Structures are given as C-alpha cells and as structure tokens.
Amino acid sequence: MPDDITILAVHDLQLLSDSAPISAEIARGAVVGLAGLDGHGQAEFIESLSGMRAPVSGGVSLSHSEGTFPIRNYNDAAHAGLAYLPSDRKKNGIFPMLGVDDNFLLGNVEGFFTQGFPKGGWLKTAAVDASLESFRKDLSISFATPKTPIRNLSGGNQQKVLLARIMAANPQVLLLNDPTRGVDIGTRHALYAYFRRAVDELGMTIVLLSTELDELVELCDRVFVFRDHAVFEELEQNELTLNRLMQSMFGQSAPAAKQDGKPL
Amino acid sequence: MANSPKSTSAAPVLGCRAISKRFGETQALSGVSVDFRAGCVHSVLGENGSGKSTLAKAVCGILSVDEGAIVTTEGPLSSSAQAAISPRMMLSHGVAIVLQEVLVVPNRSVADNIMLGQEGLLRGRLPRDEKNDIARDILARLTDRDIPMDALAGGLPLHEQQLIVIARGFASRPRVLILDESTAPLDLADRAKLFKALKSYCAEGGCVIFVSHRMVEIIELSDHVHIMRNGHLIAELSGDEITPEHLLEHLTQEGADA
Amino acid sequence: MKSAISSLIEAKFALALFAVLATLTLFLTPGRFAPDALGTTLGLVAPLMLAAIAATPVILAGREGIDISIGPMMGLISVLVVKVLILDWGLTSPFAVIPFALILGGAIGALNGLLAVVLRIQPIVATLGTYLALAGLSTWILPAPKGPVPTWLTWLSEGGSILPLLGAAVIWAMVKRSPLHGNIMAIGGEDRAAYAAGMQVGLIRTCAYVLGGVFAGIAALSLTALLGSADAQVGPNYTLLAIAAAALGGISLAGGKGGMIGAALGAIDIFLIQNLITYMNASPFFLQIAYGLLLVVAVCMNSEVIAARLRSGKTAIGAL
Amino acid sequence: MRLKKNKTMVAYLMVAAIFICGAFGVEGYISTFSIRAMLVISALLIIAASGQTMVMLIGGIDLSIPFVVGFANVAVAQLSSEGLPFAVAMLVVLVMGTAVGALNGALSSALKVHPLIVTLGTGTALLGTVLLVTKGYPTGSAPDYISDFVSIGKSFGPLPVPALVPAVAALALLLYVVETKSLFGRRLFALGANPLAAPFVRVSPLRVWMVAFGFSAFSASLTGILLLGFSGAAFADIGRHYMFQTIAAAVIGGTALSGGQGGIAGTVAGAIALTQLNTILIGLGFDQSLVQAFLGLLIVAVVAVYGRQPHLRTAI
C-alpha cells in the first residue's frame, strides 16, 4: 500500500509546446498506471520520467532518504534510483546475439564491475552469475546456459531477462513501458505477481504504462488517462473499471466520480 | 454487427493444412489448419505472441513453413514452390498483406508508395498523372482525407502513412487481403471508413483476414473468428456466436489450461 | 526536366560549391572554359564523373550497398580492351570495342551482384574481394602500361569527350523512363515494404550492380582515351575518388536518396579544386588536404542530424 | 551450424591447416628464418588489425588506417630528425593519431554519417598535412632500439624472435581481457549488437565510438612507427596494403562488419593465416599480383561459408 511520502514529483511538465502542463506527486509504494489511446502522450510522459526525453518545459524529481534528485537525463535517473523498461523489446531491449548474461549485466554497472580508479571497470563474474541465478529462480526464467544467445529464448523469457536487468540495480522506482506486450498469459500473471512483490516486499514504486486495460485495473492504485498529451483524468482504485477506463480514454469524463476528493 | 451467418459454402480462396513453424526454442505455429472463404471477413484473435502474426506471414509468403502446406485456389503448393515461397508468389495467387509495422518508402511520393510493386521490373512504367489518378481513387475508398499524391510519404504523420500502406494492399486487387494489426494509428473516423471499405470489398467477393487483439473491432467486422493460443488454433466462431462473452470465454478458458 | 531540378536541389552542397569554384576558375583560369579547350577539359574530368556515376546505382539500392571494386573494374576493362581486343585480336573498330567494354562491365557488375545479393555477403566485403581479385588480375595481365590505342578512342578524350558522358546520360535517361529507376529508389528507401509488396528486391539490386558495371565500362573507355594506353595501376585509384564524389553530391550511403546529377557534380567539384590548386602552384599535398577536409565537411553538411536540428531547432532525445 | 558458432576456432584450425600445407608444399617454409619472418609480419598486421577489429565490433569501419600508418611513419622520422628525442616524437605522433581517430568516431556518431567517408577524408587530410610539411621528402630514421625491437634477426631473451612478437602477444592478450572482462568491452559488444538498445543500459554511443576509433588510429600510428624500424627510411605510402589487409584479417577471424560478433582472438588467427598464405603463394612462384587476386577470392569464399547476412524476410 502506498505511503504518504512523495517519492516522484512532476512539476509543470509540458510534452508539447501547446499541451497543458502536467503536475503530479507519486507516493512511495504506489502502483500508478498510464493509459490512453495510442499517440496521446503517455509514452512521451514515461520517457520524460525516465530522463530519456527532454520535456518542452517543467521537470521531474525523485526524493528518498538520500535526498532530492532532479532528473535531467537518463544517467541522472539511473543514479537517483529510477529504472526504465522500454516498450519495444526487439528494438530497444535485447542485444540479440549476445548471451543472457551479457544482456543482464549492464543493468547494474556499480554492482557487477569493480569500482575506483586504479582497478575499476572489471567484471565480477561470480557476482553476475550469482545474481543471474537468483533472478532465474525468482522469475523462473528458462534458458540453457548464461551464455545462450538471448535471441534463442521465447519472448516471455526475454522479457524476464530484461526485467531482471533493471531489477539488478535495486532501484527505488520502476518505470515499465508496456511490460507484457508479446508475452503469453501464463508469464503475464507471473509478472503481475512479481510486480506486486517488488512493491510489497522490496518497497518499490511502479509507474506502469500499459495497452492492456485489464492489467491496469488489476495492478494499479491510480491511473492517469492521457488525451492530447496531457492528463485528461485521474482514476482512483475505487473507480477503476474497464468501462470507466475506456470511456475516459475516449474523452468522456464522469464528473460525479470526482466528488469524493480523497487525498492521496 | 450484422453477422449474417455467411455460408461456409463459399469456396475457400486460401487455406493452410497442418502448418507448423519454429523459431529457435519457440514453437510459433503447431499444426494449424484453416480455410479462408471468399466474401468473408476472417479475424484471427489471440494474445500477443499467440502466433497470429506468424500465421499471417506464413500465408502471405514472407515466412516459409516447416511442415504442412499452404493451399490456394489451384490446390496445395508443391513442396518446391513452398521452399521458394515469397510475397511475390502469393500475390500471383491473389494474396496481399498489410504489415504490422508501418513501412513507407520515405523519399518516394504518396502515389509511388501506394502503387509500390505494381510496375514491372524493366517495362510498364505508369506515367505520373495516370499513377496519381489510380492511387487517388484507391485512397478515396479508405479515407476522406485529402493527402496530396506528390508529397513525400516519409514526411506525413503516422496515421496518414498507415492509410497509404493499407491502400497499397488494395492496389494489386487481391482476392485475399491480410491486415496484420493495421488499425492502431487510425482515428475513429478513419477506422469506420476503413471498415466500410472492407465490408464492401467482401461484398464484391473479396476475402479479408483481419489479425488483431482488439475485441471490439473484431466483433464489429467478422464473419468468422479464429482464436489462437501458443501457436495452436483453439477455436473458431461464426456469425451469431461472435459475442464478447463467447470470445472472452475461449480466450480465458484456454488460458487457464495453458 | 523537373526531376533534374529537384536532383540539383538534393545536391545542394555540391551545387553551392560548384558555383564558388566555377566563378573562381572563370576569373583565375578562364582558359579552362574557353570553347576550344572545353573538349580537353571535359576529357580530363570525364573518367571521374563516369566513375562516380558508376558507383551511384548500387549505393542508391540501399542495404549498405557499395561497390568498391569500381576502380579496379575500370582498370581491368581498360587492360582487356587494349591488350586482348586491340593488340591481340586486332579489333579496333568502335563497334567491337564499345560493346565489349559495356558487356564486360555489366558481367563483372553481375558477378558482384551475385556475391552481394544471392550469396548475401556484405557488399563492402564482397566488393573488397573483387577489388583485390580484379586489381591483381589486371596487373598480372599487363604488368606495364601498354598502347597505343586507335585514334577514334583518343579523340574521346579531346574533341569527342562529351560522347561517353552523353552515352551514360542516354542510358540513365532510359533507366528513368523505365520502372527500374523507381524500383531501385524504392528498395533503397525501404526494402522490407518493397519485398512485402511483391517486388523482386534481389533482382532489382542485382540490376543496380549490373548498371554500375556498364557505367564502369564507359568510364574505362574514357580513361583509356585519356591515358592513350592501358595502365593496370591507374584504375584502383578511382574507387575512393568516385565514392567521395558521390558522397559530395548528396548521395546517402543509407540508400534511396540522391541521383546521377549529384554524383557528376561532386566529381566536377573535385576536378575544379584540383585545377585551382594546380593553377595556384600550390603543393599537390595541399590538394590532398583540401580534398580530405572537403569530403568530411560535405558529408557532415549532408547529415540528416544537422538537417533535422535545423528544422526543429532542438533535440528530442535527452543526451547522456 | 557448429562452424558458425565457433568462428575463432575455425580460424585457428585454418592457421594449422595452412601451416601443414606450407610445410609440405613449400621448400624452406619451416626454416627458422621463414617462421620468424612470418611471425614479425603477422605481428605488425595484428597491431593494425586490432584497431580495425574494435571498430568493426561496433559496426564501423576505419579506412584511415593506411593513411595514419603513413602519417606516423613519416612524422616520427621527420620530428626526430629535427632534433626531438625519438621517444618524445613517438609520443607526439601517437597522441596526434589518436586525436584524429577520436574525431572520426565523434563525427560519425554525433552526425550519423557513414564512418567510411569520414575516415577516408580525415585520413587523406592528415597524410596530406604531414607531406606538405615535409614537402614529400621526409628525412630521419628509427633509433636502434626500435630497429632491434622489430628486426627479424634479433632475439628476445631465450626466444628466437624479436621482442615485437612477445609484445604483440601480450597486447593481444590484454585486448582479449578488455573485450571479455571489462566494462568497456561489454559496452563495445552491446553497442555493436544493438545500437538502439545500448542507450537504455547507459552506454553512450558517442564515447564508445570515440574510444574505438581513437584506439584504431593509435594502433595504426604504432604500426607506422614500428614499420620505420623495419624499413629504415620513412615512406608515406608504406601503409598502402593495410587498408584491405586489416579488414581481411578481422573478417577471416570471424568479426562481422555488422558489429557485435568476433574479437581480437579471431583477428590474430586471421592475420597469421593471411601472412602464411601470402608466403606460401609467393614461395610457390606465383606473381605478387596473382597472390593479391587469390586473397581477394579467399575473403569472398571465407565469408560465403560463415559470414552470410540473413535473408530480408527475417527483418520483417
């Protein structure tokens, strides 16, 4: 369940020069969904959160026990404790001819490579193998050996490796861009359970963009529905149904539903 | 929603006999047999990764199958034909595909993109005006938008590129038109107009294979729905059976088994 | 006509450079453009123009297509024309020599196409292999330069120097009137779309190699005319110059963008620089520097990244 | 299938097979002198080709190598003849070469222009500059320690080869460890395997391209300097054969031009195989030009066996 401490704050973020600014506060331990018809700005929004895209104006900052970090670019985001899973696995995710281990280990440079000037930058093979093995069990990833090229794995297993990659750095906030696209239903439910555990047991916060509406209804505490590159409506858990989401995506808001004004 | 129970008596124009296809460790298709009939919209529904796109690519000649046979109006393709299968060969059997990815040739005009592949190799170049006229006519069936025929396709917004790509599918006057997840970038007006065009194409005897995971669209459009999971064809619904409840039932029921 | 104008606009950098260089040349060495010297001037630049034109179709056809064997191909054709056809067989008539050169060029082009398209060897590796093979073969056949060549052939580098260029222009015009040009540009721009639309992508790409070979055949004749003999060592130098001229002329190595006029203009630019530097009595090494820097500047000016940045005024992706 | 999986192993088997052919087919092939000469020639090629390999691993190509080799050869001779201590001259040349290489990487990566054209342009300009300065008549030669380091007749401790050979072996081993066990190496392969995915694991393409092309020019400069010790007098065109030989060594060793596959281990075998073939063919009395033609066909044949590109249909 979300705390009342804000971990991720969005300040007057504008996705296009003529779109309405977006401000939001995301509480620690929350699962926040992003919905919208394709091309309405939710993809640009999650990319802006990750630092991969520079917004037209406004910004994002992450606050936790170690301080408040403005997110100006992808490196900032990674250092502050954000992890981003891109949507197109084949295009932006896997390194097809490289082994599962190589696809995994760049997710945690600080942990898997020696640090410091004279002897920095060398691979700690044992640490990688141990960590990969524990993720293999945790996520029940199936591959022959860590050296198996990732392109030989099924789509679901590839996605699990990519998830393990971003989890390896033990981030504070997971930004998941359509994480179950091209994944079979069994794996999909395993991933849902894993996301829940990341929140409940590891205390992570999740921002989840999804084109599968059932997924948003099942997982999220709150959903931002995007229209015209701005947040059209925020739906709380108690009003989150397939129908309501669909209506909102097509631009029909339900004013009555907004009356409770429950604080986050 | 007019699902007149279109006959299963119409002649099949394309089919598969127990086709299988494997990629590495993934069995993308296993033993799929299906007939596609003239005058009907056949939808292929399934989760992502269920094998719908592989099926589409197999019947349009992009992929060769490991086992089984593709059947055209002239009977099953011979094994040598199957080994050398290509989109060009399937086009000669009247099968055209609109791919999932919106692929335009960026530095060619809209008309060139719509008429892609309609000219010969060395002979048969269409004069520009004639080409523009034909392309404009095809596009007008799909949309009310006025897209200039001489504009470079790469500079247009994605939904207009998508319309161009769909128009390209119609340009060869195919007997079978496959649409693989081709409606995503379209807005509601374009989508409605496209569906109307698809229905009138079927009324003239064409066959549409509509691959999608959008249930609403499938219910609106289909005469037959083929449901896929993990490379298997698990159910086939026709006419009045095509309701959200039925579809969901098949999708989820089999999901529990898998 | 309209397409010629749009080709010129595509080659904007080469065109601007041409304007500057031509003005300078007119002031400093007006003799180059004097009517009675024009034939000889054209004869000097024609081999490079034709080599650049020969390099173009394969680049246009995309998928990292490039034919680096163009130079040695010119060399081998020249060697075979002089050594075998003219000296050994005594066939000196243009009606024997010209078809021989063109057919030979087309055949070597087809071989490159076979390696790159049918065997699917990366074009740069495949044509690197044929580069070495053709260059080695030429030197083996003709270790030292040999002549003479018939007078009609030497005339092609003097009074008749426009003829090889006209020949290439006629062939290209025929290609443009046929669907082949559109086909090459289409597969160069997006071959996956073309393949799914039933186009014979492999065959069209092979045609581009054959076409490049035919142009290399004309280039070889022009080169033989200029040298007045066959020299196995000269040909290979043309490869890099030809690719440079094409890049200067706005032909993207990504494929599907550019045209013959740009390539020819790029070649003329290189020649004019050469001419000016010679006129200024500067060291030939200065030419080498100017040519290298120009190439880098030209390819950067034609960069899509800069064009996009100029259009939008800012970058979309946050840099690392 | 097996063959495809272990191209490096195939390359070493090829080296062994060629050696056996040579031993039986060419008189004097297994003489100490012949083997020493082949080792030295291979070692020089390995240095130059190691840079080409790194560049090819990220999907690039470096055509400036022959020019940079020539530049380093002439510049180091000229600088030392003008009174600069040779070690300082060497340092200056290596730094200049590396800087030009880094510029190649930066321009190609930042402006997304093909490195083929960029490296060709900068290479030509660099060599032109040094020739302009020396007016085409470079003076100077290498000090004895450089000549001794590379000369075929010298030995290194108990080894009957000059110090160059063990030094190159050590360099290759170091590069192998860097490629497989370092952060930079992993980033190199990731970027080559999928440049669009690399930024998402915080690989900066610009930086990697600058380092790889910088290293390529560094190794070419080093080759140029060592060649001065080998040949005695400076010569701008000395690197001419390295344009294609570096690519050929990497390709025969199993490094794909498309990036992400291969590495220095294969290139070492490729370079030795090339050198052996050259020696055998010349030993059999073939003309140098025919040897060149044969090597061209060999490259095509090797790549046709295990380096073919996937069919277009797999990209859809």
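Chains: A, B, C and D, in written order; residue numbering restarts at 1 for each.
We adopt the following convention: a residue touches a chain if its C-beta (ideal position, glycine included) is under 8 Å from a C-beta of that chain, and two chains touch if they have at least 3 such contacts.
Remember, it's a predicted structure, so these values are computed and weren't measured experimentally.
Participant: Along the shortest chain of touching chains, how many steps lie between subunit C and subunit D?
Facilitator: Graph distance in the chain contact network comes out at 1.
Participant: Name the chain whose C-alpha centroid is farthest from the C-alpha centroid of subunit D.
Facilitator: With centres defined by C-alpha atoms, farthest from subunit D sits B.
Participant: If you tally contacting C-beta pairs, which comes out ahead, A-D or B-C? Let me know.
Facilitator: B-C
Participant: Calculate how many whole Å lie between the centre of subunit A and the centre of subunit D, each centre taken as the average of the chain's C-alpha atoms.
Facilitator: Between these chains, centre-to-centre, one finds 43 Å.
Participant: Need the CA-centroid distance for the pair subunit B / subunit D, whole Å please.
Facilitator: 50
Participant: Give me the residue numbers in subunit A that touch at least two other chains, ranges are fine.
Facilitator: 52, 74-75, in rising order.
Participant: So which bits of subunit B are touching at least two other chains?
Facilitator: In subunit B, residues 62, 86, 99, 101 touch at least two other chains, as defined above.
Participant: Considering subunit D alone, which of its residues make contact with at least two other chains?
Facilitator: 199, 202, 313, 316
Participant: Sort out for me which residues of subunit B touch subunit C in the complex.
Facilitator: Going by the criterion above, the answer is residues 60, 62, 86-88, 91, 96-97, 99, 101, 103-108, 112-113, 116-117, 119-125, 154, 165, 168, 172.
Participant: Quick check on the complex: what are the subunit A residues that touch subunit D?
Facilitator: So the residues of subunit A in touch with subunit D come to 52, 74-75, 78, 84, 86, 91-98, 102, 105-107, 109, 113, 121-123, 125, 165.
Participant: Tell me, which parts of subunit D touch subunit C in their complex?
Facilitator: 61, 63, 107, 110-114, 116-118, 120-129, 131-132, 135-136, 199, 202, 204, 206, 244, 247-248, 251, 256-258, 287-300, 303-304, 307-313, 315-316
Participant: In the complex formed with subunit B, which residues of subunit C make contact?
Facilitator: Answer in residue numbers: 177-180, 182-183, 185-186, 189-190, 192-200, 203-204, 207, 256-257.
Participant: Subunit A touches which residues of subunit D in the complex?
Facilitator: Checking each residue of subunit D against subunit A gives 180-184, 186-187, 189-190, 193-194, 196-203, 260-261.
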